[in-house]
Structures are given as structure tokens and as C-alpha cells.
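Next, two complexes with chain A in common: one pairs it with chain B, the other with chain C.
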Partner chain A sequence: MKWKVTLALSLACAALVFVLYKGFGQDPHEVPFMLRGQPAPTFTLKTLGTGEVVSLAELRGTPVVLNFWATWCAPCRMEHPTLDWAFRQYGNQVKFLGAVFEDTEENARAYIARAGSPYPQLIDPRSQMAVDYGVAGVPETYFIDAEGIIRDKVAFPMDRATFAARIRVLLGPRASAELGK
Partner chain B sequence: MSSNLGYSAVLGALACAIFGAVVGIGSGIARRESGLPWVRRAAVGFFGFMLLANLIMVYALLSHDFSVQYVAHVGSRATPTVYTVVSLWSALEGSILFWGIILGSYVLAFALSQKDEHNRYMSLALGTMLGVGVFFAFLIAGPANPFGKVSPVPPDGPGPNPLLQNHILMVVHPPMLYLGYVGMTIPFGIAVAALLRGELGEAWTTTLRRWTLIPWMFLSIGIILGSWWAYAVLGWGGYWAWDPVENASFLPWLTATAFIHSTMVHERKKVLKLWTLSLVLGTFLLTILGTFMTRSGVFNSVHSFTQSDIGPTFLVFIGMLLVFSITLLATRGQLLIPEGAIRSPLSRETAILVNNLLFVGITFTVLLGTLFPLVTEAIRGVRVSVGEPYFNKMALPAAVAVLFLMGVGPVLPWGTGSPRVVRQQLIVPTSIGLGVIGLCLAFGLRGFLPILTFGLAGFVTTITLRELLLPAKVRILEHKEAPWTALVRSASKSRRRFGGYVVHLGVVFIFVAVAASSSFGTHTSGTVGLGKSIQIGKYNLKFVGFQNGAEPHRRWKAATLEMTTEGSSPQLMAPRMNFFERSTDPIGTPVVRSTPTGDLYVSLLAFSEEERTATFNLWIFPMVGWIWWSIPILVLGALIAIWPGRRAKVALPSAVSGVDSPDLVKVNRGAA
Partner chain C sequence: MNALLISLFLSASALTGAYAPQQAGSSPLEPALEARVQKLGKELRCPTCQGMSIADSPASVARAQLDKIRGLISDGKTDDEVRAYFVARYGEWILLSPKASGINWLVWLGPALLLIVGFTVIFRQIKRFPLAKSASPASAADEPVERELQPSASTATEDDYLKLVRSELKR
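Entry: the complex of A and B
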């Protein structure tokens, strides 16, 4: 082969290997999450059923778990029992909020009437809050600490272990010691 | 117990591979043939140990021995037996182990098929193949060890990936792809041996071609079955999405196809030697790159296995292969001196050259599109995804040009063609092609690319059928043979040419099916209440109720539709959603009503039992089934081309001395 061809081939191959090398350590399935460590976008929304108004600003001082869901989303329905369990387990230390995503109020009300929900469900008209949080799909759950900072996000239906692990991190070492009793 | 035995077998395979590679390449470079028997023994040993390791794993899977790491990872007592065996290749470690046995079988088959021939190349070739074996045995023994021990032993496992348990095609598709991928190791070894020797004899070229055609055939089957699986299981109504892993299988197919064509020029005109060998090396590299894409966890795809530790090892191997290949081509390439030249632009060799450039062009385009997200991430830190439009825009025009060449190439003679004769030969096919276009327009079909594809398909089919049948016609007229006898005899006289044209016919099928189904399909979706209907094309579908079912490994819910067309009795269609144990996302089973003219495709998107509604996605795809029905044609053609001629066998021993008998030349050249 001519040396110029050889050189060009070598460079192209070196570039290929470099690019593949740089690909390591990136999770291609990861949904981009820019808000980690940022203050949670505030909202003031009405709850489903009672019409009571919930404002994130007033919850300062309490950690918040915010779960986006929809009635048309099968994985959300599967996650529902986990959230019920989590509320029974941690509901005294954490404020649980649900947010109905891209769904009608009637559908959501009918579902909650049937499946039950121990914590408030928020109606998010025109998905304003979902856009603020950058929700890519449902279910998506945000873990917001007592200072109103987003600590974590889970973009898949959680099982109990996953949930427990995240909430321990959210509550910090003191709380997990208490829970361990 | 199984763990220890299996791991020992893997170590045995590794030892055999190292021994065979060192002795083979060492004695080959020293030009001694004394090492060859030992290399052959090493190949047998490699195969034997790999077989043993695989059998032990299958036994562990079947006996639910959850103390073995891989079984604990993919096994489950609820999984049906057939899928338990299949789970050998359902996850990373097992699939690499399975890779090992296929590699072992290929190397053994190659060693046995070339028993007394080509001894001067064989040490180098087998040594190189076993060198590849070293890498895979090392992977199995180290980073991807499936035989690790689990303690405490879990009572049950999660079962294989539900996507792999959902359709019988999953039993066939991966082995076919592996047979295609792994098989490219053989032509790689043959080409490396030729480069290291600095010569490429005609008989060795025949071996190279035949051993490329075998994996090429499997790769073709694997790719088509994969698209069929995507169509029948995933329920999004498509069969090809330019997914990184689909591309990974398509890339080596492209270069291998280019090789199959360029080798004809090489054999007849003694030119393009280095180019032809580069295509072989490139094909092998692309199979390894493709495996890396599937298994490193760097790409996002339906196929990708979870993040794993083998990525870096693979990358080192790719780097070594690249350095090795370039060095080989740079230092040994000049030994392969072209003995002729391409003289006329109006010749078969020019057509094949253009074909090669197109194939390599498509390869680069697809490779660039596949790697682009990684490139932008490496440079700018942002992952930009490249979607279907890029691939379609870039690859489809080139594919149509390939279709055109499939018609023009066979008309052009080797050497220098006379424009008058060529023009005469093209009159009938061209008018048929134009006739097809006219018919399409008359029937109200619109769209530039699809109509052009149909016209070219008519053009190519005419030429291909003429090339297939003309020798038989001559025999009927001259020898007064019966038509069938004449066809079989003319085919067996020039198997490779005949087989090649049969494959071309299959490829025309695919072209037509892809163009028709992607351009003239209809789609609708909607939520339907119980007793209500939804209409698509000539079909009326009435939602009549839900069905439930349970199997040991899954539960399912089906929404039954009563499908009626004008003047026919109603038929039931029941698209399903399957809920696998220990898996959160449901997996659909669409229902496809397939006819030669088109498919009605129904998938269940969502349902609400309380409100008695179900949401469906419906498509009509014209002629889409032709894509998969082309498989028998492709296989038939490939087998005809691969099948060794009787006369070639007699002639081969003389090839050992490097002088090919005239008989063999005749067999190779056929009647073209």
C-alpha cells in the first residue's frame, strides 16, 4: 500500500478507537437529568378531588417525594402498590405528592377512586409543572430534600428496595439510623 | 461441580488455542510444514473443550443448578425447556460461550475440509483463526466468565430476558447471526495467510470465496430473521429501524457482499488483489466491531446487553486487529502484484468496481451514522442521535443504484464490450422496466423512489431470468434435452453463476417488498369500546371482548377483534399483552394476517377492563412478507454457489503445487 493510504487509514482507525474509548462509562439508557442539586421548580396546584391547593414553597422543611404518573401508563399502575407501601413506611417523615401527567381529570379521579391513594394527587394543567421538571416519560419520581433541592430522580417503576435505598439517601444518616431500629 | 468442570474446559480451550496459534503462525512464517499436524490437533482440541464447556452449561441450565453464576442470572424454574436451552445465548456471558463453540466448529470444519491441500497456507490460516480463538477463550475465562460460583445458592432465578421468550424466532435468529459473524473468522484467517505468504493462488482464492459465502449466507438469514422478529414481536409495525445493532450486522454483510463481487474480477482479470483482501479483513473487523457495539454497553438499543466489563478488553482487541491489519496490508501488499488491468468502462469488471464503491460507500455512511452519537459525545460532550431520515436519505439512493447495477452488470461482457451488442441486449429489459413504471402510474401509484424501484425490479428480473434460462434453452435446442434436465445440467455446469443469479432474484424480491411496504402502507390507531368497530383499508374490525391466559412464565391479556372484509366470513384476531414474571414492562404480541399482497398488522397498545375499551395500532403493509419469503431463495442460491463441483475435487490436488488444472479453471469460470 502507498504510505499516504496507510497513514490515512491509521489515522482513521486511531480516531475510531478513540471515539469508542470515550464511549465507556456513559450509560446510553440514561435520561438526561440537569436538575440534580438544583432548587426544585416551585408550583402551586390544586389537588384532585378536594380542590385543596398545595404549594411547594410551603413544604420547605419537609423532604418531598413527587411522583408523575398517568392512568394510561401500565408501569405506573404496577408501581402504585410500591408507593402505597412507601407512604405507610415513610409517610410520617416525607411529604408524598402525586402529579397526574398528560391525562384527563376524570380518568385520574376514576382510577384513584378505585385504586385508592393515601396522599394528595395534583392536577397539572397543560403539563406546566412537568415541563418545569423536564419529565421525559412516566413514571418519574423526584426526591426533593427539606431545603427544596432536587436530590435524585428515578425514571422507571420502582420496587420497594429501590425506593427504600433512595429515600435513605434523601433522609440522610440520622433518619436511616432511626429506620434501622 | 459444574462450575469447576466448565471452567476447566474453558481453560483447556484457551491452552489449545494459544498452542495452535503460536505453533501455526510460527511455523508458517518460518515456512515449515512440520508444525501443521500439531496445529490441526490444537484445532480439534479447541473444538472439543468448547463443546464440553457448552454442554456443561446447557446441563447446568436444564438442571437449574443455580450455583453457577450464569444460571442464577438467566435461569428460572418457570421457563419452558426450549427457552431454558436458548437462554444459553440470551445474555452476555452465555452468548460469548456459544460464540466459542461456533468458532470451534468452524475452525474444525475448515481444518477437516482442507485435509491434504494448501499445506503451505494452512499453518498460517489455522494459526490466525486459533489466534482469534485465544481472544474469545480469554474473554470466557476472564471478563465474561459464566462459570463463576454463587453462594449462597438462590432457590430460583429471574429467567431470561422476556423479549427472548416471546417468539420462536428468537430460537433461530441469534444462532444464524452468530454463524454469520463468527464464520467471518475463516476468510480472515485465509486472507491473513495469503498476505503473510505474499501470494494468492487461484485455488486458495476459491477456498476464500467459498468460506466467505457460507457465513455470508448465515448472516443474510440472520439479518432477515432479525427484522422479521422485530416485526412480529416488538409491535411498532416496522422491521428495520437503523438501530446500532441492526447496523452492526448490516455492515459486515455489505463488505462481504462487495468481496463476493470483487473476487470475480480478481479471479478473471488478476487485478484488485489487495482491495479484495482488504474487504475480507474489513469484514472481519466489522464483525468484531459489531460484537463490541452489542456487548460493550456503549450503544442504546433493544439488543444491547447491560453494562459490562468486556468493553475495554474488546476495544484492546479491536485496536490490535486494526494495527495488525494495516501493518499487514502496508508491508505485504506490494507482494500481490496486479497481473492485468481494467481496460474498458463498458465491461463487467467496471460494473463490479462501481458496485464495490457503492457498497463501501454505504458501509461508511452507515458506520458514520452509527458512530456519530459517540463522536459528538467525545468531542462536545453532547450525545446527538442520528435518526432514520439520515440513513434513509443516504442509503436508499445508493441501494437503488446497486439495483440498477444488478441489471446492467450481467449484460456487460468481461473485457471490452461492444456498445451495439450491449444496447441490443438492453432493449427488452428496458422496455419491460418502463412498462412496469407505466403500469404503476396507471394504477395511481405515486412516489419517485418506489416507482423507480419497481421499474428497475422489472428490468433486473428480466435480465436475471434470461441469464438463468438462456443456457438451458441452448441445451434444449442443441441437445434436445427435457426442460428440467436442461435447467439442472446448465446449473450444475456453472453452479456459482447460476447460484449468484438466484440470489439476485431473492434480492429483487426484498427490494420490491421494502419499497412497497414502506411507501404504500396505511396506518390508523384508536380506542374502541366493546362492540364498536374500527376500519382500516378494506378491513372492518369489531372489538368483541377480552381474553385472559396464564402460562408458567407469564400471564397474558388479549383483546379479541372480529375481522370482516366484504364477502368473507368473520375471522378472529387477538393481539395480546404479555406480563412476564419478574419483569415490569408488558410485551406485546401483535397479530399479523399475512397474504402475498400484504399484511394486516394489529397490535394492542393499551386496555382498560373497567371501561371496556382497548386501544389498537393498525397497519396495512403491502407485500411486506416477501422480505422473509426471500430467505429460501437466498439460501438456495447460496447453496448452489457454495456446493463443490465434482470435477473441482479431482482437480484440487494439483493446485497444491500452485498450478491450477484447466478443468478447475473451467469449473470456476462457468459459462459466463
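Entry: the complex of A and C
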């Protein structure tokens, strides 16, 4: 009888330790990345300035880098030069897209006029496309492969090394060899 | 000092434009549907001001998520489908109350289980050492001492040690 009580208490303790381990073992502020390996939510949005329509479905066959940003976000402004550099490095193999998050078109247009952007910036009305992607804040960058599958997400301002590492994974071994030349 | 620092930070933020411009949410749906929107909004965690629901949060991302709920409900989605949409994108993290399934049962049943274990331990202890039993031997044991401490002709004359104790107590 006594061993049963001991066993039950041990199990209860083990369960408690497990729950505490799960609870303390993760950052409660970190929003999980659920869309890894999932098809990227489709969108058809207008670009800032030109009003040209961009559809993700039409980009099938080309890897896409989709960056959510805002003018009021200091880390986004800090990341901007890295994305410009990345476009110059990999722009011939990857389609770069920016998406304005929770900002006005006027603010975004003024910022792009000042800082410049070599790739299209999308206007996402009411940030509904951002919610489709599970965006929790900016900057967030999604790496989508040629088949339209989300391969990775970076939820902090990237430096060149971080970006290069992600793009190598996105493009695979053959492209990595080309990039290494 | 803190108030000054906060004021300076807020002033700097206002001057540099480091804030999300306030945007109006989508129009409320008809009352019955809007009630569902608000109820679902109360169940979902705001990603920026955590610990608050998106229905209560003033954050712009929460407003965007509430707009998404309106859109989904307008499209005829059920409450479970709306919840599933958000869980698919943000994980169960987005739910302010975890689902009562799988390992989550530990969270729901744990407190009740601990109470039961606690009461069981107390009950067993009481059963093993009842108050009546523990009290009576003590009082019974005290009686002879009391009696012995009372001066009586037989003990006072026979026991020098008791005499000594009594004289010490009288000081």
C-alpha cells in the first residue's frame, strides 16, 4: 500500500517538474513560428508608388524574400541597408518584396523617397496579409522557396551574415556553390 | 527620476515618429456577429502587449487581428474555425486559456489534484494521531507530577530531592 502512495507522489512530482520545465524553458514573449514548411499564404497587393499589382501565385518558380517593416520601427530602419545589400547580392536569384506594416502610405512613400528601395514595397490594407503570415511585430522577414513553401522566418533586424546564411539554406546546395564563386 | 526619463522617452518618440500611426478599425458587424467578434477577441492574446486580449489592447497589431476576426466571421466561419486560424499562425500561445486537451490537462487538473493530495495527507495524519488520543496521555501523565508537587506528609518527609525542589521554587 505504501509503495503505491510513494509511486503516486513521485508521478505527481514528475508531472509538476515537467510542467515547470516546459514553462521556464521557453521565453513567454516569443511568438511561435508555426508556418515553417507550410505553403505561404497567397496575396495580391498593390505596390507603393506605381500601383502595380503583385501576386505571390505569379511568382511560383522563384524564391521570395518578404520583409515586413514600418517607418516608425527603428530596428527596421537599421535593417534597411542590409536589405539593400542583399538585393544587390542575390536579387538576380530571389524576388525581394517589402510589405508596409501598420503604417500610412504617405509615411512609407516619404521614407522610401528618402532612403530608397531597389525592390517593390507592397501596401497591405489593414495589415490583413501580415496577420495571414502570423506577423507579431516588425521587422519580420519570411523566406519562401520556389514551390511557395515558407522555409524560415527572422523576427529581428538582420545583419549581412545572418541574411547570407538564410539565403544559402533557401537556395540550396547548387545555388550556394554559385554564390560561393 | 523615472518619470522624467519616461517623459523624455515619450517626447523623443513623438518627435522622431517612433510610433504606429493610429488607424481606424473596420466597421463593427451587426450586433450578434460583433458580439462573437468581441468574445473571440477576448480569448486571443495580443502579441505586443502580452497578457492582454486583442479586444482590450490598444496596439495596432491587435486592431489588425480583430479586423481579421471580423473578416473571417463575415465569411461565415465558425468560432472554432476562427480559433483554428489563429492557432495555425501563432500556435496555442495565442490562446489566453489553453485548450483542455493532451498535456494541457496537467494545467487544468493540477491544482485540483494537488488539493486532493493535500487533503489526503492531512486526513491520514489525523487518522493516525487522533487529537483525543494524543491529548489524553499527556494530561494523564501530567497528573502524577501535579500530585507529586503538592506537599503531602508521606513524600515531603521521604524525598529530600523534592524538598530541595520546593525550596528552590519558593525563592
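We take it that the second predicted complex is superposed on the first by the 151 of 181 C-alpha atoms of A that agree within 3 Å, B and C clash if a C-alpha of one lies under 4 Å from a C-alpha of the other, contacts with A are read in each partner's own complex, and residues count from 1 in each chain.
Note that in this section contacts are C-beta pairs under 8 Å (C-beta built on N, C-alpha and C of every residue); 3 or more make two chains touch, one makes a residue touch a chain.
The structure displayed is predicted, hence computed values, not measured ones.
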Q) Which partner does A:Ser10 reach: the first (chain B), the second (chain C), both, or neither? A) first
Practice problem: Quick one: classify A:Arg114 as touching chain B (first), chain C (second), both or neither. | Solution: first
>> For A:Tyr21 in the superposed arrangement: first (chain B), second (chain C), both or neither?
In response: first
Does chain B (first) or chain C (second) touch A:Pro157, or do both, or does neither? first
One more residue to check, A:Ser55. First (chain B), second (chain C), both or neither?
neither
Quick one: classify A:Met78 as touching chain B (first), chain C (second), both or neither.
first
Check: chain A residues flagged as touching chain B and also chain C 9, 16, 18-19, 22, 28-29, 71-72, 74
As the complex stands, chain B meets chain A at residues 274, 292, 296-300, 304, 307, 311-312, 315, 318-319, 322-323, 326, 329-330, 333-334, 371, 374-375, 377-378, 383, 577, 584-586, 606, 608, 610
Chain A residues touching chain B in their complex are 1, 3, 6, 9-10, 13, 16-24, 26-29, 71-72, 74-75, 78, 110, 114, 156-157
In the complex, chain A touches chain C at residues 8-9, 12, 15-16, 18-19, 22, 28-29, 31-32, 34-35, 70-74, 102-104, 107, 126-128, 130-137
Touching chain A in the complex, chain C uses residues 17-21, 23, 26, 47-48, 50, 60-61, 64-65, 67-68, 71, 87-91, 93, 103, 106-107, 110, 113-114, 117
